[in-house]
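Structures incoming, each one as structure tokens.
What follows is a pair of complexes built around chain A, which joins chain B in one and chain C in the other.
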Partner chain A sequence: MAARTVAKDIITLRGSAAIVSEFFGYAANSILYNRGVYPEESFAKVKKYGLPMLLTQDEGVKSFIADLTAQLSQWLEAGKLQRIVLVIMSKATGEVLERWNFSIETDSEVVEKGVSREKSDKEIMREIQAIMRQIASSITYLPCLDETCVFDVLAYTDKDVAVPFTWVESDPKLIANPQMVKLHSFDTKIHKVDTLVSYKNDEWEEQ
Partner chain B sequence: MMADDEIERLDPETEYLMSKRRAGNEWEMFKENVRPLKRGRNVNLLNTALNAHNHNRLKKSLLDNRRRLIEAIDEYKGDDPLLPWLECIKWVQESFPPGGDCSGLVVIYEQCVRTFWHSERYKDDLRYLKVWLEYADNCVDADVIYGFLDANGIGRTHSTFYISYALYMESKNKIKAANEIFDLGISRNAQPMAKLKDAYRKFLARSMRRPKVTEQDSTEKQLPVRSFGTVLANGENRVRSSLSELSTKNLKPEKTGEAAFTIYKDSTATDDDCPQQPDVSKRELHSLHPLGPRAERNKENNAIPGKWTAYQIPQQPGIRTVGASASACIPVFVDEDCDDRREVKTGGCKSSSLVNRREADQDMKRETELLRKKPLRNFPQNSLPR
Partner chain C sequence: MDAGSWSQSSSSKAKSRSPLQDRLIRRKNSRENLDRFIPNRSAMDFDFAHYMLTEGRKGKENPLVSSPSREAYQKQLAEALNMNRTRILAFKNKPPTPVELIPDHILNPPLHTKSTKPKRHIPQSSERTLDAPDIVDDFYLNLLDWGSSNVISIALGNTVYLWNASDSSTSELVTVDEGDGPVTSVSWAPDGRHIAIGLNNSHVQLWDSTSNRLLRTLKGGHRGRVGSLAWNNHILTTGGLDGRIINNDVRIRSNIVETYRGHQQEVCGLKWSSSGQQLASGGNDNLVHIWDNSMASSSSPTHWLHRLEDHIAAVKALAWCPFQGNLIATGGGGSDQCIKFWNTHTGACINSVNTGSQVCALLWNKNERELLSSHGFTQNQLILWKYPSMVKMAELTGHSSRVLHMTQSPDGCTAASAAADETLRFWNVFGTPELSKPKPRANPEPFAHINRIR
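Take a look at the complex of A and B:
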């Protein structure tokens, strides 16, 4: 009995990469839904992390995110992903309105020596749940996006990573003088993910 | 996309993550008490404000601060007299996250727009227009405001004006009028045009999806008047007697303002439930055949819900029990901090007309209520469009 409990709490690099990339998929869906980037009707409810989560049913977006998470988990397993940013831009002007920044710290010992760490799924899930809750309530301070928006995903990887052919080099798409809010973090003991959202400072003169 | 050469340079986000600066979690704890703002909020201010509203002492300083900002409007000597107003409005929005009457925001909006409405200088000022639009958002009868802005040429160069106006009309189901406003904005080359056209496209897409009936503004008036009573059982009769007294105070007075609310009853139900009334069920059966247009059939699903504030249940003296018969008046409980607040305000006000106006919360609430219903009530009669 005791042996089984212990076995369950072991986390490997591979498992951790799967958790983090899956987290990013759900987080991206949740952001796209909550920020109204795609119409409400194009999402369907599922249960995940002990919360009702929404997943896009739009085939284009769905396959974009599926490809993305597959690529991310590859990089995460190699310990080469430093940051992933979901950028929301105005479709008309291309101006960057919001950035959801997920910064990743990888335990290099795990990558180099292939050792594993200990942390229960339950605990990780609780941490992720807190982040998802915060994403959903971010409407309290984020400006309303009242124009058609598009999104893009930036990956910050180690320099020795070859650019996959569906990806292109990009400028960092930063927001000048942004407002920033740090959300909760989660830690698989192998990958630690910090979440931050930055958005445009509000101005009366703003069109 | 890839941005793999940007790691070394510290962008503000990385710097922020690395620093140990952390904002509090009040924004999440009290999220139900925060009204989303179009322009977004500064989280630190939001946290402070939410904290303050939970502590009486801090709350007092919040009210003091508001008074100071209002005084600053009168004392302002610079060359942009709108500026202290904007600062005051912004501060109040951030510091009273739930909005509501207590913030005094509606009164401040009104005084601000009234101060400058005839000023040539601010006619095309986007900041000034935004105060107007935010005021309109807070009023029941925004029609008057948009008409006033249009007649006085305030904000006519900005696409925001046309977008807000048209969306408001759309929300009132005046689709044709909304369409005309979009057209007007485009013909006047309002800026930024891209934003206006984007909003127009979305509006058109919504119009396509909308069922036909709602496209005619007058549909509601054409609906046949319903008669009640034929199928109601005896016990339900009391509903009838009070129907005429009803008027709903609703955010959308156009729809519900005048009409008494109506209760629909499935006529098929009587078929099964009341077999002892064959004549009634027979009549119902016959009247079932012409089902009427879709709108008619679905109306209980389409009706806009409203508050039943004006609804009074008629008292039935016979039912009263002995215990309740004593006509002792119920003491109104006043919150301790509400009492304090009044003292602070009456003690502090001197110069500003605005402060004098709001000697007591009661006054402000009443004024807010009045303004919501009649946003231009303090404007000179001859300034209003006819």
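Take a look at the complex of A and C:
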């Protein structure tokens, strides 16, 4: 009995990578929905993390995110991924309006020695749920996106990563003098993910 | 600290700086002891902060060591190190751009059409009516022109009158001798100061309207009355009863610089395109010619670029489209009654609409895609058409005889019409200046506002 309880809470590198990449898929969908990058009607509701989550039904976006998370879990398993950034830009001007920043800290001991860690699924889910709630509520303070926007995803990897031929090197697409809000983080004991959103400074308010 | 500008995580940093490893692990453990005020320090980069504090102080303590070149080197080194730590990657295939969002799609263009169109009230009656006694009731003449200095010239019998639209004052420019008249055409030069007057005796006079002085008389070009005039900078083009079209350079002594041969009968319509590249002429022989400047030569008569033979009555009404350089609208007389649209590059007829009455004059709205036509029997009305659908937007009645001439105010908002009923009427069909000016600005305004919010 005691042995089973221990086995249940064991988390491997592979499992952790799956959790993180899946988290990113849902987070990206939630951001695209809540920030209105794609029309509301192109999303469908599913239950995940004990929350109603919205997933895009647009085939193009769907396959983009699927390809992305597949590549991310590969890098996560190798411990090469430092950060994922979802960038929202103006379609007309290309100006960067928002950066959703997910920094990832990997326990190097797990990657190098192949050991596993202990943390219950439930606890991780609870942490992720808190982040998802924060993403959904972020529309209350983020500036309105009143123009048509496009998004892109940047992956910050270690330098020694071979660039897959479907990827290209990019500039960081930074926002000059941004406002920043730190959201909750979650930790699988192998990957620790910190979430932060930075957005274009609201100069108008200061007038 | 910008989340993106420092792409380091403490673990990778620890690898590159092994001496710090012990301290780092210790701190990792101590993170569990949460501070009451700063419950989570994970977003702080202590390594970087430590470096900034210590390195910064070193530089200050020892100013001799830090030379500009050394600083630049250090900066470059730091940059290079930073770059070496990370690689920023993005998918080559970008996610599909959203199909135009509802706000952009629906709010913009339909808002523009839906809100501005009903807003613009088109008065059904003329704003103002002036008497025009003794106006010659002749379809082939061009007796009304509104100059760029906001002064209307109108020929009534042997006299040319000037009516200043800014202060409503009237003055007489000239009364020609009984034998020379009546005046068969008037046209303002682009400067709004000089005016050309075509006469029944085949002469053309040039007047300075500010000093009421006759500057010169052009003779010998035509063998009959000069019923149509058109300016192209310093070139005055004249069309006569003899079917000739002549370009006169008003600056030089031998003024005739070019002749166009193509019409067999009286030329009653003449208009230069706004680019000054093409001239359209309409005649009593039911023909429209498009002449191109590039084909001109001073030695021999110029050949036409296009001969348009679709009208079956005299063509006096000609109007170049202000928003599409190669589009012209032409209107036919009594037995034709059609407005036709032509591509003047290809000579193709784009559209033809039967109006049910002779077309005396045509004016484009400079602000909207609309065309105003003036007609004769039976309604003697003005019709405002939506282009290109050619839906009738308004029919303006008031004249009791055929509306021979139309001209447009310099601001493009008002049309003036002179009819055989001896009246000159003003119509605010194209919108008032107050309304038409803010309209184009009204749309960018909410967006400028939003840009300021962000």
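One rule holds in what follows: the second predicted complex is superposed on the first by the 204 of 207 C-alpha atoms of A that agree within 3 Å, B and C clash if a C-alpha of one lies under 4 Å from a C-alpha of the other, contacts with A are read in each partner's own complex, and residues count from 1 in each chain.
One rule holds in what follows: a contact is a pair of C-beta atoms (placed from the backbone, for glycine too) under 8 Å apart; a residue touches a chain by one contact, two chains touch by 3 or more.
Here the structure is a predicted model, which means the values were calculated and not measured.
Engineer: Quick check for you: in the superposed arrangement, does A:169 touch first (chain B), second (chain C), both or neither?
Structural biologist: both
Engineer: Looking at A:13 after the superposition, I want to know if it touches chain B, chain C, both of them or none. Which is it: first, second, both, neither?
Structural biologist: It touches nothing on chain B or chain C.
Engineer: Could you say whether A:142 touches chain B, chain C, both of them, or neither, answering first, second, both or neither?
Structural biologist: So A:142 only meets chain B here.
Engineer: Of the partners chain B and chain C, which touch A:200 in the superposed model: first, second, both, neither?
Structural biologist: After superposing on A, A:200 lies in contact with both chain B and chain C.
Engineer: Classify the contacts of A:158 with the two partner chains as first (chain B alone), second (chain C alone), both, or neither.
Structural biologist: Both partners, chain B and chain C.
Engineer: Now for A:134: first (chain B), second (chain C), both, or neither, which partner does it touch?
Structural biologist: In the superposition, A:134 contacts chain B only.
Engineer: Give one of first, second, both or neither to describe whether A:180 is in contact with chain B, with chain C, with both, or with none.
Structural biologist: Touch status of A:180: both partners.
Engineer: After lining up the shared chain so the two structures overlap, which partner does A:150 touch, if you call chain B first and chain C second: first, second, both or neither?
Structural biologist: In the superposition, A:150 touches chain C alone.
Engineer: Give me the intersection of chain A's contacts with chain B and its contacts with chain C, in residue numbers.
Structural biologist: Common to the two interfaces on chain A: residues 82-83, 91, 99, 101, 103, 143-144, 146-148, 152-159, 161, 163, 167-174, 178, 180, 182, 194, 196, 198, 200, 202-205, 207.
Engineer: Sort out for me which residues of chain B touch chain A in the complex.
Structural biologist: My answer: residues 1-7, 11-14, 16-17, 22-23, 27-28, 31, 34, 36-43, 46, 86, 90, 97, 126-127, 130, 158-160, 163, 191-192, 194-195, 198-199, 202.
Engineer: Mind listing the chain A positions that touch chain B in their complex?
Structural biologist: Those residues of chain A that touch chain B are 82-83, 91-93, 99, 101, 103, 133-134, 137, 139-144, 146-148, 152-159, 161, 163, 167-174, 177-182, 194, 196, 198-200, 202-207.
Engineer: What residues on chain A touch chain C, complex-wise?
Structural biologist: Residue list for chain A touching chain C: 36-39, 58, 60-61, 64-65, 67-68, 82-83, 85, 91, 97, 99, 101, 103-108, 143-144, 146-159, 161, 163, 166-175, 178, 180, 182, 185, 192, 194, 196, 198, 200, 202-205, 207.
Engineer: So in the complex, which bits of chain C are touching chain A?
Structural biologist: 2-5, 7-12, 15, 40, 42-43, 84-104, 447, 450, 452-454
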